[in-house]
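Would you mind keeping the following structure in view while I ask a few things?
Chains: A, B, C and D, in written order; residue numbering restarts at 1 for each.
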């Protein structure tokens, strides 16, 4: 039983949980979103700042379990500084891993520390925890891009 | 099976069904009520005329099955001309028989042809049919008495 | 007989109740399936297994039983979505029965603001052959909102009178709600054509598929419906569960119905926000074991094949119509061409009240329904107060139809009719 | 240990799921009964017997199966009426769950005219410890009708703060709705005293007895409630059924809720009239097999004895509170005196999130709930976002509480807390 548990609570996850990266809300940002996991109440407020097609900053404030906290930390570590397209690609890869019920082989080149979440995919109730901040990131990025589009088309 | 059926459809019932007594709506009357069996749609419109503490007339118009039709016929035959108290007593006796699930011994002195309904009590789905006009009679009589009371107290 | 299910005797063995002996040792001849269907062993066993081994609340519970129960419950949603070809599982809302599903729509429309809002001058169109569950909600809605309720009439052979469709469904129409298959007349209505007209004028189309889903392959995307309701207990599933399917675009616009449980996003003293579909409309602990049973039921029907079931019903219905035509004084209400109808056949017999018909049949083990079948306006249209209804399903045999016809002849003789 | 059910091992044998082995061969320790209770064999068997031998629709069907099914269904109403000491069976309304029962009341009040009508300037009073199902319906009602929602606060030890009762419940108050036993804090509220004040000002009293009926003998007539709701799946019955009890005088004044099926007296195109209670509030095919199961469930509980169950819960709860007090960094939310509370115990542990607590416990077979338990305002009141909840029932043993406490110690060591 402890073995099963260890596959969920990888050392990497517990490390990110204890020492989360990039935590706190920062300026500047184009979009701020607030996402909730309705069943358990976990919450994240997340801001995205894009500049020149690159994810310049992702800042967040969150309350929740080890999985959701660690996952926000890993997210920011992975996407900050990446071109938006690549960040969205990483998002897709992570989501695929999480929803794969443990049958998807994690790609360390893309996901780095994120591969530690492979074990979470086997716990359906925890998948939502791992995805909370990722969904918020996707939402905020989409809002930022849509707003930029709007501006352009109004200007054009 | 035919035997069981015969206990329900006594000759007396079929006779009343084919040749109902006192059918049709008549004047004078103090109260008219309309009762429905919601599950099957059987309907009865029933009028009561009381005079000097006696049930002077009960007239009715009805649509429904043999049991409900015959029961209206037997009702009027039993209560017309009886003092109100006695009529209500007959009502109570008939209702008790109907709701007795076949375990109540019918009292021929009180119920006369009404004892033919003893078999109906064994068919829970049909008890409502047999009671439809009886409930209407009780309701109309109560309304008449209440109106008379009111008048008295207003006059007094 | 052509069209009968090839393995009818095997199918009958799946339904334990069909072995029942009734009073006087009579075998059961169950011809009341439009009222409720019987349940195959696999549905019962699946429910028992869930209760004995996997029972837990769903969504909220993270432990192993909770995960098993949630998975079984949500799998049922997938199965139902596939069964009616819904574009996404999120559009499947579990209710307690078809009546709740229809009321959910009428009730949330009463509180809707924006394009779906209904008020004075607006019209809702239904038909004279609706079940009360598709009448009363619209009466309550139009009364409460000062809108007007209008009705498709019926032709003498029990079909919708479409001659005035263009003056009935107009720019004022906000909702058209109709039954796909009538539970009284058996009529199959041209839902798609009516939906086309309704969509021309911007009305939404609600389809009561309570009698359609049990009897034929239903494809909600091809149907023309915007919202569609059916009920578990008529598709060999348990009571306590119904389904509302709706296009996401419409469901998203409707305000919440019942509040509490998993229908929320967050609850605060100042104000609450609501979950997305389907959960937004599923307040409180859902019918869990019932959904699991319904999943097994649609699996079962899918395995037999809905086209095969439709062919079986058609064959039995044609055979029944032929048999009933031999009974003197008997008039069928509704189409007498089996290809225009489903398997519910209502009729009257001169000189015997439907209650009495049903009673005599029951004494011979033949179970039919007598009354208004929750379709009073349709009965009134045909000048009758009540009727007797025989309704078949995938387990019905020609021999059972023979027992019905013989029973009706016996009824006539019992009541001493010519 | 004093107060435990004398035949606890025999009772446990009645619940087949308690034999379940979980992942890694761990035996099930089910401590999530406030979420949903497990089902004894007799409830399952009664449902199976109904489905296999007596299944038919009720009320409408006059045949033998219909009579058997109607009788079983209506007997269940009698059993429930007796179980909560309702003055008449007609006051027992079957809903799909407690949430629907509470929404039924709020929803019909929105359309009520006359003395029960709610409008601007009127107030509804609830409490900060309500389950979302007793919050959201009142938020929707007061929002929609321009009325005001007011709240009883909570004391630091998780009881209702009654200090301002006279300024909270005033002449403006139309409804006071509160939970009898909190599903999060466990608190047992003084329903009768609050009802007395509410009745002084002419308000009606709605009681959410979802956690009370499973745990103690409930006498609706003595309770002070005008309306009272509970849910089948928490009293060892199936999902898909709940109960609303109400005083006839109140129920008669409420307009219909859902329309269709047996809730009518007559339906005409011009207008419809409605049946008397209870049918007026039971639209469509009711949860038949669920009612039959619920009847068996209350019979079962009655046979064990509600006072004995209360004593058992009290003993287990006291034992659990003692055990939890030994876990470093653990804080119980709610009264720590077992005699003031029911068997649901929510707690937090410094440094471990409730999700993680529940996960570690689950790996040891101990099933508890983690989250907000549909009581977000109460969590907010205590400055926490979520908690872990262990909840016992008549089948819970002291050894299971030991497993919980050991599991919590293991959790602390797993997360490397001092």
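Everything below uses one rule, namely that a residue touches a chain if its C-beta (ideal position, glycine included) is under 8 Å from a C-beta of that chain, and two chains touch if they have at least 3 such contacts.
Fair warning: this is a prediction, and the values are worked out from it, not measured in the lab.
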### Query
In terms of CA centroid distance, which chain is the most far removed from chain B?
A
### Query
If you average the CA atoms of chain B and of chain C, how far apart do the two points sit, in angstrom?
37
### Query
Between chain C and chain D, what's the gap in Å when you average each chain's C-alpha atoms?
31
### Summary
Here the gap between chain B and chain D, centre to centre from mean Cα coordinates and rounded to Å, is 45
### Summary
Multi-partner residues in chain D (2 or more other chains touched) are 23, 60-62, 66, 264, 266, 355, 359, 370-371, 376
### Query
Could you say which residues in chain A touch two or more other chains, in rising order?
39-41, 123, 126
### Message
Tell me the shape of the graph of touching chains, choosing from line, ring, star, complete and other.
### Response
other
## Note on the structure
A full list of chain pairs that touch reads A-C, A-D, B-C, B-D, C-D
#### Entry: Residue ranges of chain C touching chain B (in the complex, touch as defined)
23-24, 26, 353-356, 359-360, 363-364, 370-372, 376, 379, 385-386, 414-415
#### Entry: Residue ranges of chain B in contact with chain C within the complex
1-2, 4-5, 8-9, 14, 39-43, 63-69, 123, 126, 129
### Interfacial residue positions of chain C with respect to chain A in the complex
59-62, 66-67, 70-71, 262, 264-266, 275, 279
### Query
Which of the residues in chain B end up touching chain D in this complex?
36, 38-41, 123-126
### Summary
Per the touch rule, the chain D residues reaching chain C in their complex are 16-17, 20, 22-23, 28, 30, 32, 35-36, 38-39, 43-44, 47-48, 51-57, 60-66, 96-100, 102-103, 106-107, 111, 128, 131-137, 139-140, 144, 151, 231, 233, 238-242, 256, 258-261, 263-264, 266-269, 271-272, 283-290, 355, 358-359, 361-362, 366-371, 373-374, 376-377, 380
